[in-house]
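Next up: some structures, all given as structure tokens.
In the two complexes that follow, chain A is the common piece, with chain B as its partner first and chain C second.
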Partner chain A sequence: MWMLEIPPFVPFFISALIALVTRGFLRAVIMIIIPVISMLHLWMVPEGIHLQFSFLSFELLPYRVDKLSLMFGYIFHIAAFIAIIYSLHVRDTSQQVAAMMYAGSGLGAVFAGDLITLFVFWELLAFTSVFLILARRTQRAYAAAMRYLIIQVLSGVLLLIGAVFYLADNATLEFAYLGLDGIAGWLIFIAFGIKCAFPLAHNWLTDAYPEATVTGTVFLSAFTTKVAVYALARGYPGTELLVYIGAVMTCFPIFFAVIENDLRRVLAYSLINQLGFMVVGIGIGTALAINGAVSHAFNDVIFKGLLFMSMGAVLHMTGRINGSDLGGLYKSMPKTTVLCIVGAASISAFPLFNGFVSKSMVMSAALENGYDWIWLILLFASAGVFHHAGIKIPYFAFFSHDSGIRASDPSNNMILAMLIAAGLCIAIGIYPAALYSLLPYDTGYNPYDATHVLAQTQLLFFSALAFVWLNLRGMYPPERPSTNLDFDWVYRRLFPTILRSIFTAIWKMDKKLRQRVINKIESNFVFMSKKYSQLTDLLSRGYPLGSMVLWLVIVLSCYVFLSVIY
Partner chain B sequence: MLAHLPILQVIVPLIGAPVCVLLSRARLVWLFALIVSGLSFIVSALLLQQVLMSGTVIYELGGWDAPWGIEYRIDKLNGFLLLIISAMSTLVLFAAQTSINKEIPAEKHTHFYILYLLSLTGMLGVVVTGDAFNVFVFLEISSLSSYALIALGKDRRALWAAYQYLILGTIGATFILIGIGLMYQMTGTLNMADLAARLPEVAQTKTVFTAFAFVITGICLKLALFPLHLWLPNAYTYAPSIVTAFLAATATKVAFYLLIRFTYSVFGGSFSFTTLPLQFLFMTLGLLGIFVGSIAAIYQTNVKQIFAYSSIAQIGYMVIGFSISSVTGLTAALLHIFNHALMKGALFLALGAVMYRIGSVQINQFQGLGQQMPLTMAAILVAGLSLIGMPLTVGFVSKWYLLSALIEKGWWPVALLILIGSLLTLVYVWKIVEIAYFKPSLSTNSTVIEAPLAFLIPIWLLVIANIYFGVDTRLSVEVAHAASESLLQAQGQVRP
Partner chain C sequence: MESKKKHIFDEVKNVKRLLNCLYVCCAMLLISDFVIHRHVSHHWERLWAFYPIYGFVGCVVLVLVATWMRRLLMRGQDYYNDEGIDYNSKNKGGRQDLSHNRAKEEGHDVDA
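For the complex of A and B:
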């Protein structure tokens, strides 16, 4: 079958090309049809290596299919499909093209069978997605985009260096289990970690995603971090360090999310929190845990997409996104409100919503493998998620005090996109077996047993209670327009300040030094100009014939002498 | 016909020279010489193709067997050289008639072409022959005719320069002859291949050592290797422009070919590099040549002299490549022969064009020429950049190979010195560019216009070649690499 040999990124790149030259209805139809065809195509593809060629002396596998990559391939298609529908109203060609290229790069990365191909798509992800941020066309967005790009490219460069080291150590570039031994393993680990928003390396995400366009953020939330999760699941399953990193990732964003005012930034923090669950799953590394991580990535794309879409709809219709400016929108945007609540319920892992069926897998795996403390942390994080994403988002946007804003529900395509996502959230929540059948391992896991359901419901009710109580007593941190300092303060404020003072000192010294050198050179020039006439004369005056012949004799006698004694 | 190509290579210009006398009108002679040189070029192209396809071509003169009769032997090395020489000769000759109209009295025009063709014959002969004594004969043919060519210069100092070159060149040739004589005394043969076979038996004798020293000294003089370069600047400066372009592009290349041929093929690499500390000697002399040549070039006020001194520096690069005595090093040296011919051919022809329009090549005369002769000056700029070693020009390719050869051997300091040498090149090239482009033109030169097409066509062909072979290096690098590989292979192990 010739179709087999077309990697899934190709249709998307073609779609980008078509999006570049077409406009209006035709573009809309093509952009919707292509992911559908590509999805059907992917559905037929059996596992195995479908494309292989030599570059320089390396074997490259740009198209390798197995269950793990297929899983991500499916969800990327779904995400792209939903996001395309959501952004159908966008007239900005550069955004449409960039979005298609970006989705294609994500697909290319998860089907990459070797580190070089991975690197290429890794960098493409960065370069295509940056346009989605730039497309906001504000000064803030521009600055955030540049910071984003620098960090993403840095990650790519680390990956490339790591790949070179890996090649030197293992004489292969195949992207399989890498492990943390050796410099190559660490470099690639850091590269993946940056893209996966590990603590202290997470600021590009919370910095850039809220600055992107309404539709751009929906795309962004789906691909970049999930590619990183895929890469970690492929290269570092069972690395214990990941369990602890993941645990930290689940917790610290909660605090930032609670005090953050920009609701899309709240979601960005909550994205890191969800990534934490996946990273923990990968770190535990058992079949159940990997399944949990992968299925959670799958579900997260859907419900986080849904939440970003609903907040995008709010931003799109009202022009505001700060919690302090919003409120009472449920009256004028009822559909959006309902759909947002579905997303919130999913991310909070209510039973019968998709968050529940995957998150519980990771938690069960933590318990099974003796990570009791980690389990408690995850439990705490679950409560936190419910707080900031499950309650805070819908509450401050749609209820709370009436802000007096009267908007209407967004255009039909946006509602439809959210509807599809919400439908998937509930469908997977009710019938998880469909999702489980796609997973890399067969574990026969059933999320709906009494303990799980009870524990989760209890947790949710008590945290809801806490929120209500705190809010009534006026102790819940109110929404205030404020700037919250995160780690990026270190490199956006502290480092520049330190560097500025250092450079001021250096320039002072430099000035003195140069003055001295210039004085020296000047005096030398005076000296040289005196000698000048002698030097040129020596090198280039017309020598008398006798001296030339003398040289000839000297050279000859040297040669003879040397050849005899040497 | 094809079987007789090797002898045709020499016989065509040799017969062509006296025929010139029969043609009375100068333009006719020019056309005839151009055709003869063009034919040589075709012959050498066919020869190189034959060599690349089917290996070394051996031609026995008059049907006499090799050790007794004279044998012409063309392998990749001299096939490559033949192509360079005949191509450069043809290109330079294209501009000849226009140029000599202003520089040589009309009654001497026919003489000029006769001498030119004879000189070409001599160079081609030196390269093509496989017989040591024959080398001397052809060397003298080319040398004597080039002395006369230089003396044709209208500056009276040309005579003096030619006289100096005559004395020194004759001594050099005599040294080579003495060396060949000593070898003949020890082995009883003059055929190079035969010499190579017989010399090892008597290698450890003082006679052979002395022979080697004489041959190398003689060649070094012809090559103008520092400190035996003193004849070159004046000869190049005061000769007619066309002669300078021709000699700069070919003559030192022939001498360098002889150096390689004698050290690698006749004496053998292992003998050559153990008898004398050649590696060290040539490395040092090459470096000194680079620095002395470049620094002297910076201080000159005559642009022809600037590039004459620059030639001494460029010879330094070739000799360093040679002294590395690895495949990459030799490839770099051979590449630089080719590339240097392209650069200096373009530069000296462009100077010829300036001479044609202005009548002087003093640097102050170049003021404002960037506007008045834009194409000629652009050619000087590009060829100058190539001389410096800018990427995308041929100069970069050969320097790149030279540096990688040095780094292969771990000779970092030399590599560093070569880079500094390139910076010196930048200085004297920039000096010309600055004056030509950033100074207002002299009032005396206000009527100067762009050079005639007779100049521009060959100049720009060379400039384009400078860029083309800087980008598409397949032909030049492949031939140079194959030639150096076969040279080193034939010699087995060279002392590291």
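For the complex of A and C:
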């Protein structure tokens, strides 16, 4: 069974190479077939370690399969398949190659059994995905890509240093439960946290994702953050700190999302909000909570991909993505509108859509384990996500005031990709048992009891009522072309301003110091020239020479005098 | 002409119908609180209409706080321009560059 030993990233890397040298139909066929074959292969792979070797006396496990990694393996294949179909019209080879390498890196990371392999794929994720941002080929995208790369590489470096400390402490590099004991645990935790968009480390996401290409953002939304969720679920399940971090993550982005004008940036904030639910689940750490976190990651890849695809379709067809420029598109883009609404219903966790069957697990786990306040925060965040992602996105793009834009629905490949994602959203929502059978634990959870369904429906309908009421009263903040300050202001504005003023002060001092030295040298010259002029005509025209001759005469006289005495 | 064609929400009465539909659904959901028996895990869930009130008030507070935040955080679209980037060359919604990119993506191979 030599096939067993081929980790899933290998076919993706090979297809990236093939994509580099092929064009047109052939490239499209290869890029579609690879994830299908790789998925079928993965489906047959049993749990266990399938590849292991020693490198520089380190025991490396590049291919370890268990239920947790399999879940992420499956969803990454599905995400890659959908995103590849969505981007079939793209003729930009650099994007196609980067996308395949990026998907492969994500798969490499979730099947990595040791910290060194994880580090390698961690950095590859950064270096391959940055091309999807650069491929937009605008100055703005370039600047965002550089900031993205610096932060991602920083996360990788922290992971590497943490791995070194971990090796020193534990004499093993195996990637299993890490915990927050000791410096290694903290360093790796921060590395994971940066990639998971923890509060204050989240701006790489809201900065870079909306600047990437139409198709690039769809790939980006699937892999990087979910690898981080996987890594946290593997290394830090049951770490209570994560519950509080996750609760903050669910809440603060929704405020920014309400006032944000760029609809893809609204989705980026909403992505952080959804990550928050997963992080809370991991922090609670019970079987139900971990199941909730993992299944929500699975579902999020699909519905967030669908939403990014629908907004990508809007951007692609109209050239605009700001809420203030859009509106009334349902008239000419009906298919995209319906598909976007399916995504919006899924992310809002409407019963019969996939968000409901996973989010409710995390909420139930929070209640069961006595996190009452956290549960209330999650409930607020659930209402909030419906407000900004469920209503705001479709409303401002497709309804609202008529912008007069009459763009048609996008090409068939884009519609097909959205259709597949929408189909999965509904299928999982209707028949969650299929998803639950793949989960790491068997908890016998049933989301469709009267209590859950009624509570969630009431919450959502009255959130919608609040939206309507605020709109009718004219209290809803209108979409305006603007930049909203977030924490990135610190490194985009504050630090540069502080550094500029520090350097201005340093240059000023330097100038002053130089002036003083020059003045000193000048005054010395004046002093010397004065001395020089005093001794004219005595022994020599030059003061130093005259002085030397004078001292020579004195010394010689002394010598003659002494020799006479003895 | 496409632009003169009447669409479903161009009619004010259709919008009203949709809103009425929402109001009826909300009312029915409120009433169902009396009818459907819940398994509550938290004592707050026992309060009448807890979820509807929480959802409504939560969203209103969210929007009011966000509106207030806007006063503090909103800056002009070109706020970060002094990073040495000429955003104006591109972005009134990214139209110019996007059409350029679309041409690249669809028309020509730009992998040279």
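Here is the rule we go by: the second predicted complex is superposed on the first by the 507 of 566 C-alpha atoms of A that agree within 3 Å, B and C clash if a C-alpha of one lies under 4 Å from a C-alpha of the other, contacts with A are read in each partner's own complex, and residues count from 1 in each chain.
We take it that a residue touches a chain if its C-beta (ideal position, glycine included) is under 8 Å from a C-beta of that chain, and two chains touch if they have at least 3 such contacts.
Fair warning: this is a prediction, and the values are worked out from it, not measured in the lab.
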Original post:
After superposition on the shared chain, which partner residues are touched by A:Val560: those of chain B (first), chain C (second), both, or neither?
Top reply: first
Original post:
Regarding the shared-chain residue A:Val517, is it in contact with chain B (first), chain C (second), both, or neither?
Top reply: neither
Original post:
Is the number of chain A residues in contact higher for chain B or for chain C?
Top reply: C
Original post:
After lining up the shared chain so the two structures overlap, which partner does A:Leu26 touch, if you call chain B first and chain C second: first, second, both or neither?
Top reply: neither
Original post:
After lining up the shared chain so the two structures overlap, which partner does A:Leu552 touch, if you call chain B first and chain C second: first, second, both or neither?
Top reply: first
**OP:** For A:Ala434, decide between first (touching chain B), second (touching chain C), both and neither.
**Re:** neither
Original post:
Between chain B (first) and chain C (second), which does A:Ile506 come into contact with in this model arrangement: first, second, both, or neither?
Top reply: neither
**OP:** Figure out whether A:Arg320 sits in contact with chain B (first) or chain C (second), or with both, or with neither.
**Re:** second
Original post:
Taking the complex as given, what residues does chain C use to touch chain A?
Top reply: 2-3, 5, 7, 9, 19, 22-23, 25-26, 29-30, 32-33, 36-42, 44-45, 49, 51-60, 62-67, 69-70, 72-80, 83, 85-87, 89-91, 93-95, 97-102, 104-111
Subject >> chain A residues touching chain B - in the complex, by the definition given at the top >> reply: 535-536, 539-540, 542-543, 545, 547-549, 551-552, 554-556, 559-560, 562-564, 566
Subject >> Sites on chain A touched by chain C in the complex >> reply: 23, 89-94, 136-140, 143, 213, 254-256, 258-259, 315-316, 319-322, 325, 330-332, 364, 367-368, 372, 375-376, 379-380, 383-384, 387, 399, 404, 406, 449-451, 454-470, 475-477, 480-486, 492-493, 496
Original post:
In the complex of these two chains, what residues of chain B are touching chain A?
Top reply: 163-164, 167-168, 171-172, 175, 206, 209-210, 212-214, 216-217, 220-221, 227-228, 230-231, 233-234, 274-277, 281, 292, 295-296, 299-300, 305, 309
